[in-house]
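The structures come next, written out as structure tokens.
Okay, so chain A shows up in both of these, paired with chain B first and chain C after.
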Partner chain A sequence: MIRLAGRLLPLAALLLWEILCRRGVIDARFLPAPSAILACLGAPGTAGDLLAQTSRTLLRTLGGFALGGAAGFGLGLACGAVRSLDAALRPLVEILRPIPSVAVIPVAVLWLGLGNSLDVVVVAFACSWPVFVAARDAVHAVDPTLCDTARLGGLSPGRVFRLVVLPASLPGTITGLRTALGIAVAVAVSCEMVAGSDGLGQLALTASYARQDPLAWLAVLAMGLAGGVCALGFSLLTRWAQRRRPGLLEIQPGRGRMP
Partner chain B sequence: MRLQAQDLGLHYRRNGATTTILADISFTLAEGEFLSLLGPSGVGKTTLLRCLAGLVRPTRGAVLVDGSPLCGTLPGAAMVFQDYAASLFPWRTVLGNVRFGLEGQKLSGPEREALARAALTDVGLADFAAHHPFELSGGMQQRVALARAVASGARLLLMDEPFASVDALTRIELEDLLLRLWHERRASVLFVTHDVEEALYLSDRVLVLGDRPARLVGDVPVPLPRPREQLRTRGDPAFAALRGALFALLGKGTSA
Partner chain C sequence: MKRLRPFLGLLAALLLWEVAALTAGTRALPTPAAVAQALVGLIQSATLPRALGLTLGHTALGLGAALGCGIPLGLWMGRSQGVRTLLTPIMELLRPLPPPALIPPAMLLLGFGPGLYTAVVGFGAGFPLLLAAMDASRAVPEILCDTARSLGAGRLRIVTRVVFPACLPGLATGLRTSLPIALIVAVLAEMVGGDGTGKLLLRLQRTWRIPEMYACVVGLGLTGWGLSAGLSFLERRFLFWAPPHQHPAPRP
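Let's turn to the complex of A and B:
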């Protein structure tokens, strides 16, 4: 019941918005009605253009997410497993991590020029940190009891890592990936606005400058929808994994450390 | 296997101050013996067990296995922990968990499977092979941990208060299961506990650990007849006498 209500909530919000506009409570010069926004899809070429820009933004989002996620995952696992590496890299990481991703654009442009690779790299930069931190901390949090069991069983450090540490740290890492995916959409759009020539970010910006209010709103709604689709896809993927390997993604309750 | 602790000591330094955890611990665990380490909570029993297993390197003395010094982890040993839920792999089935004990050994897949299934049958969980640990009760999870330990063909079971977090009835069942497995598999057992009666009921010999730093304060043989039975053994006058002796060694004999 609650779930159904939750799914209907966006529709209800749209309906309320429409009613408030029709009643004149909201001035259409500031906020066009949803029907007006959707109506501009009817203009020749708009629907196709919106689809093309959305797919460009999604491609940059997912490309950057894949690249940054993989980098953060690998480096996070390495820093989690090797304490000395973590200690050595920590100052550098703490300096790089707070840099806003949009601030990377001016210097990244010097290397990559304008275009897709710039957006993908900036998105990857933004995505790598939450995954890195989550993976590193998840490895640190693996219960030593599990590792002791494996070590006494005669497993080499490599196999202890592969058979115990990697699966045990997965739930924590997944949380980092989920966070990074949300960031990816936002950063991809900001990149398009600051240094792009197409994509939803650029579409929203140009429409706004041209006072095509409904089109600007349409682009913004499409961003939300694109993010929602990404999150849904991620959920479905983890649920599928959970069905295939029960217990794998179960977050284990926190436990006391061995002395 | 014969396991010997020779003047074991462990201390660590923090902010210039040295804290000693283990001091001058020497004893021998004979082949096939059931030996208990009895001591109050927080005394360092777990640390001693981890030293003997080669998971922690002692700062003094040595661990000898059949006469030669141990380097690396103790071969042919398996550990059973108090926190059974933390020691089982949640992403593996019950069978997968038991098979894990065999993954460090050069065996074929079917051989591993057969040994794991045999161990599961031994602990009475043959029907739960395909379940996951979180679907089982605490007592059953600890049975899985026991099965994993014996499936590996361990010559020595290191047990760290394994029955301290299950209810009293389950505990009695698990104690008798352990005695049966020990008898059938002819392994040695080093059993850490803070429970005087449990130590007496199970063991051939009880070593009593004193407080801060942990050191041996008593070595008490338990000549109670085997096979042991919960009611008969615990009702034996000799059992009561030994219990008094152990309490005295722990310094809890008299009400202060």
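Let's turn to the complex of A and C:
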């Protein structure tokens, strides 16, 4: 009963929004009714444009995520496995990590100009930190007994890393990747807003400057959908991996620092 | 020497930067010394401190909204199964929305001003806090609440005196996630329209004052670092009783 009510609540909120707009309680000049927003989708060219911009934003998001995720993953594993590298890089990381990722945009514009590569690089910068930290801490948290046992069994350090450390640190790293994906969508949109000529962020901004409110709201809706699709795709992927290799992503109880 | 070792990496990075700046010879990459000089200049002229003050104010506005809405709602959702089932679908619908997405409509609805920052930053920072409050309050041992109830505590009293304190470590974790988000979204909102460090950064870039622009980025980085360091300090100072989440787990 409550479950049904919960499912209906978003619809009820939309309905209330619509009624308030029709009654004139909400000034439709500032907040268009849901029906007006949807009607805008029917205008010639809008749906196709929206789709094109969404795919642009998604491509930038995924490109940056792949680049930043790979960089963060590799560096995180290296820093987790090699203590001296971690000690040497830690102050640098502590200085670079708190820089708000959007503050990098003006600097990146100088280097890369406007365009896809700018977005991809800034997204990659923003994405790499959570993945890096998660991978490093996950490797640190691997139970040393496991590694010792493997070494006593005669495995070379390389194989200990590949067969023991890597699988044991995977669940923690996946968590970092999931956080990074959410960040990627947000940063891609921010990039398009601040320095871009297309994409959903730019579309929403230009539409609102031009006082095409329904279009701006449609763009917001598309951003939410893009974020939702990314999150859904990631969880489907992890579930698929879980089915293929049961236990692959389960967190092992370990000694050492937990992330 | 041993204590200096961690800073060797930093020194190497600075050296690399210096060499790169000297060999590249483009105006896009000033030397570290030039950036440091620009930073001093910006601080002396009070430009950067004023901008950072504005940014911090905007961050605080949004964070206040996030704390004020996210934590009570999260606690309520955590303690009551009914409220949780009722509100989970709408929360799941809103959650994938990237926080910057709210800037254009918020601009239309609220104009440029404190309202914009409160809404946009609050939305971005609110979700981690909401989720943290919900998870933490669900994890409060039932026996604590039962004990308080059998000692005659009312429902409100149980929430304020038992559940809330027990949730504090979890809330601190949520705050640690939402603090950088708040700063980022505040700077972005300032870039899109308004004042503060975001605007200053863009203005410096567009007027080709490159060392000053880098100095501004450094200032923002220092601010972010200071905020998270301050939070860790407060955590150590006031949450020393919490089960430390960084200590080794017991051997299974």
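Note that the second predicted complex is superposed on the first by the 227 of 259 C-alpha atoms of A that agree within 3 Å, B and C clash if a C-alpha of one lies under 4 Å from a C-alpha of the other, contacts with A are read in each partner's own complex, and residues count from 1 in each chain.
In this section, a residue touches a chain if its C-beta (ideal position, glycine included) is under 8 Å from a C-beta of that chain, and two chains touch if they have at least 3 such contacts.
All values reported here derive from a predicted model rather than from experimental measurement.
Q: Between chain B (first) and chain C (second), which does A:P98 come into contact with in this model arrangement: first, second, both, or neither?
A: After superposition on chain A, A:P98 lies in contact with chain C alone.
Q: Per the contact definition in the header, classify A:G158: touching chain B only (first), chain C only (second), both, or neither.
A: neither
Q: Given the touch rule stated above, what does A:P167 touch, chain B (first), chain C (second), both, or neither?
A: In the superposition, A:P167 contacts chain B only.
Q: Between chain B (first) and chain C (second), which does A:P246 come into contact with in this model arrangement: first, second, both, or neither?
A: A:P246 sits against chain B, while chain C stays out of touch.
Q: Using the touch definition from the top, say if A:G6 reaches chain B (first), chain C (second), both or neither.
A: Once the two structures are laid over each other on A, A:G6 reaches chain C alone.
Q: Going by the contact rule stated at the top, is it chain B or chain C that touches a larger number of residues on chain A?
A: Of chain B and chain C, the partner in contact with more residues of chain A is C.
Q: Just to be sure I read the superposition right, which of the two partners does A:G42 touch: chain B = first, chain C = second, or both, or neither?
A: neither
Q: Which residues form the common part of the chain A surface touched by chain B and by chain C?
A: Common interface on chain A, chain B vs chain C: 255, 258.
Q: In the complex of these two chains, what residues of chain B are touching chain A?
A: Of all residues in chain B, those touching chain A are 44, 46-47, 50, 53, 55, 73-75, 77-79, 81, 83, 86-87, 89-92, 100-105, 132-134, 148, 152, 158.
Q: Residues of chain A touching chain B in their complex?
A: 143, 145-146, 148-155, 159, 163-164, 167-168, 245-248, 250, 252, 255, 258-259
Q: Would you mind writing out the residues of chain C in touch with chain A in their complex?
A: Touch residues, chain C against chain A: 5-10, 12-13, 28, 82, 85-90, 93-94, 96-105, 107-109, 124, 180, 183-184, 187-188, 191-192, 197-198, 201-202, 204-205, 210, 213-214, 216-217, 220-225, 227-228, 245-246, 248-249, 251-252.
Q: Looking at the complex, which residues from chain A come into contact with chain C?
A: 2-3, 5-7, 9-10, 13, 30-31, 87-92, 94-96, 98-107, 109-111, 182, 185-186, 189-190, 193-194, 200-201, 204-205, 207-208, 211, 213, 216-217, 219-220, 223-228, 230-231, 253-258
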